[in-house]
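Below: a set of structures, written as structure tokens.
In the two assemblies presented below, chain A is common to both, partnered first by chain B and then by chain C.
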Partner chain A sequence: MNSQDLQNLQLIQIALERIRNVERPLSVSSVSPFINNSTILSSCGVLCLNPTQESINQEGNTQREKAMDVNMLQRTYSDLLTSLFREGILNQQFTELQQLQDENNPGFVYEVVSLFFEDAGRLINELISNFNQQAVDYKKIDAYVHQLKGSSASIGAEKIRSVCQTFREYYDKNDIQGCYNCIQPLNQEFVTFKSKLEALFTLEQQIVAAGGSIPMMRH
Partner chain B sequence: MTVETQPQFHVLAVDDSVLDRKLIERLLKTSSYQVTTVDSGTKALEFLGIQDENSENAASVSPHHQEVEVNLIITDYCMPGITGYDLLKKVKESSSLRDIPVVIMSSENIPSRISRCMEEGADEFFLKPVQLSDVSRLKPHILKKSVKCQDENQNQNKSVTTISSPTNNVSGNKRKATDDGICSERIRTRYSAGPVTIV
Partner chain C sequence: MASSQVVKVLIVDDDNFTRRIYKTMLFRFCFEITEVEDGKNAIQQFVDGNEYDLVLMDKHMPNMDGVEATRTLRGMGIPVKIVAITDDASSKDTFMDAGANKFLLKPLTFSMLTDILKSFNFLN
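Presenting the complex of A and B:
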């Protein structure tokens, strides 16, 4: 093997190394705001283009790719957040929470939303199990829904809050069927909310890990 | 050398919801208040140095508590045990504490509840979720009371009956006022996060 072959071999080895470091190559268009799969999310960004060319211009392209990573992550984040407001999953109160977060309290929104996940999850489980009893204690159920309404209002989980309000209106009219019909939607809204917010937080972590900043948005 | 900045006022926040406690704490600290949060009216009374006759705790009041000055109390209305309204009453009945401004928070917009609280001496009634714009209304009440303390001989009119509404879009939040300030039965599992946090 002459020195040219050796050099080519080394270039190929570098290229292979770079290909191997890409977890899951994805096209940009497949990254949509509605992704619930965190594995896909965790790998959105790096595209392996022409390895040989890349390996020659290694240094410059790494930086360019990083910038592309951050930009795409930020765009995905903004799109997701905008869609959450547009669909009525979040309301203005969520923006209030974001405004309370700063460099001294970087995890505030995450902490509060995590508390909500626990709290709401527990309450919904109680609701479902109470509804399955032989003798349903509606007063107890109403109390749970009151709590859930309060905490969902506190974090800006608009759809959940709204279903709770509907439930309580049925309860006031002694409309048991109406109450019962709210339970499944309540659970569904919670599941949706949880997965969307988890996707949002995952994006935030990735943006920060890639050296970017979380886009501030006005709604 | 440290420059003496404006004195920090100390707010006691009372709410049985851990989420709401976190929120009110952040709102207050962002607004430069020193904050103590407790999860019940009973604990609030203990902190303030009043014995709650319903409390099983017969221990004597710690002298330490007397040294911690509270400039404002902000409390949730609906809580298991003693309500925010009960707490308000006890504070206003106490000769040592009646001058502390009290603000009530509630998720329910019930006019009879609001007027009951204002009549009992509450300085503000906030609809939840409480926002920064609400918290910005607290300062005048604190300053007014501290002026009053300095001028003990003057009779100042201390009733400020203002009600603030949330600016977010929570429409149709009125429920039929079936109660006269009585909370629906609250069943809440208390989470571990220490009941009293002084920060």
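Presenting the complex of A and C:
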């Protein structure tokens, strides 16, 4: 082996060391300080990329990272939605609403749920306020609960609907204490529902912003 | 059917949330939709000379409930198809006696609506 061969061998060893220490394919630019002979580079398993290919490769890595982000977001979304059904917070009616959403009504679910947040929040505040008055108007309270039961059933808010149902059963039996005992759980279920659906919509926005589509769930 | 070819639907429900959902379902069929908040306003629509092919009627509403509105419309000789949609299962007989054509329990699903529309031959 002559001195030139020895020098080449040393250069190859340096290049191989670089290859071992990085995860992605090396470009000519990263090893060219050491070796600028494409034959030697090829024999070391280094991809000989021209500058355009190198930028395409970098773009491919960025796209792969983006795809992984979208997949992760979609998985998180699916897991959250599944848990909402499993915990009984949502029922099949929510899926019905999702199926009504299409290119003609792209924000339909968000719109109706936002409307529900507003309406239900107002009704619950009225309920609490009425119960705190000296002369409680139970007929008015029953009307509020009836309305809340209807809208929660329409949106698939199962736990809220269920508490409303329980309230009405107490009301029909003239069990005022039973009615009163429903108010706090009703408020709690609404707060839980609102926070979980807001988290769901935030994920939806992130998925769309990352260029993905919202997974459809079948229940 | 009402004079134009487009099916005209009147939604009668005091809950604007429910009306929003029904409208979205009905828009799928390109129907013409009008909405009112109670039975009294529903009657007024017909008094004003408006024609409808279908009425989706809730039961519990202020001013005039759905049963009374249905009875009044039939008393006026209005032959419109009336579908009662309520969560009050006990009101079925009352509604049908008042002249409703169909009775459905809330919440209304898209497939329930489609079946009703097919039964009335509104989906041609």
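Simple rule for what comes next: the second predicted complex is superposed on the first by the 160 of 219 C-alpha atoms of A that agree within 3 Å, B and C clash if a C-alpha of one lies under 4 Å from a C-alpha of the other, contacts with A are read in each partner's own complex, and residues count from 1 in each chain.
Just so we're on the same page, contacts are C-beta pairs under 8 Å (C-beta built on N, C-alpha and C of every residue); 3 or more make two chains touch, one makes a residue touch a chain.
Nothing here was measured: the structure is a model prediction, and the numbers come from that model.
Participant: Mind checking chain B and chain C on superposed chain A, clash or fit?
Facilitator: clash
Participant: Looking at the overlay, what does A:R122 touch: chain B (first), chain C (second), both, or neither?
Facilitator: After superposing on A, A:R122 lies in contact with chain B but is clear of chain C.
Participant: Who does A:A153 touch here: chain B (first), chain C (second), both, or neither?
Facilitator: both
Participant: Please indicate which partner A:L100 is in contact with in the superposed arrangement: first for chain B, second for chain C, both, or neither.
Facilitator: A:L100 contacts both chain B and chain C.
Participant: With both complexes superposed on chain A, which partner does A:D172 reach: first (chain B), second (chain C), both or neither?
Facilitator: first
Participant: Can A:D142 be said to touch chain B (first), chain C (second), both, or neither?
Facilitator: It touches chain B, and chain C stays clear.
Participant: Please indicate which partner A:E111 is in contact with in the superposed arrangement: first for chain B, second for chain C, both, or neither.
Facilitator: In the superposition, A:E111 touches chain B and chain C alike.
Participant: So chain A touches chain B in one structure and chain C in the other; where do those two contact lists coincide?
Facilitator: Comparing the two interfaces on chain A, one with chain B and one with chain C, the shared residues are 93, 96-97, 99-100, 105, 108, 111-112, 115-116, 119, 146-147, 149-151, 153-156.
Participant: Which residues, counting only chain B, touch chain A once they are in their complex?
Facilitator: 17-20, 22-23, 26-27, 30, 78, 107, 128-129, 131-132, 167-170, 172-173, 175-176, 178, 184-189, 191
Participant: So in the complex, which bits of chain C are touching chain A?
Facilitator: Residues 14-18, 20-21, 24-25, 27-28, 60, 87, 106-110 of chain C touch chain A in their complex.
Participant: Show me the residue ranges of chain A that touch chain B in the complex, using the header's touch definition.
Facilitator: 91-93, 96-97, 99-100, 105, 108, 111-112, 115-116, 118-119, 122, 139-140, 142-144, 146-147, 149-151, 153-156, 161, 165, 168-169, 172
Participant: In the complex, go through chain A and note every residue touching chain C.
Facilitator: 93, 96-97, 99-100, 104-105, 108, 111-112, 115-116, 119, 146-147, 149-151, 153-156
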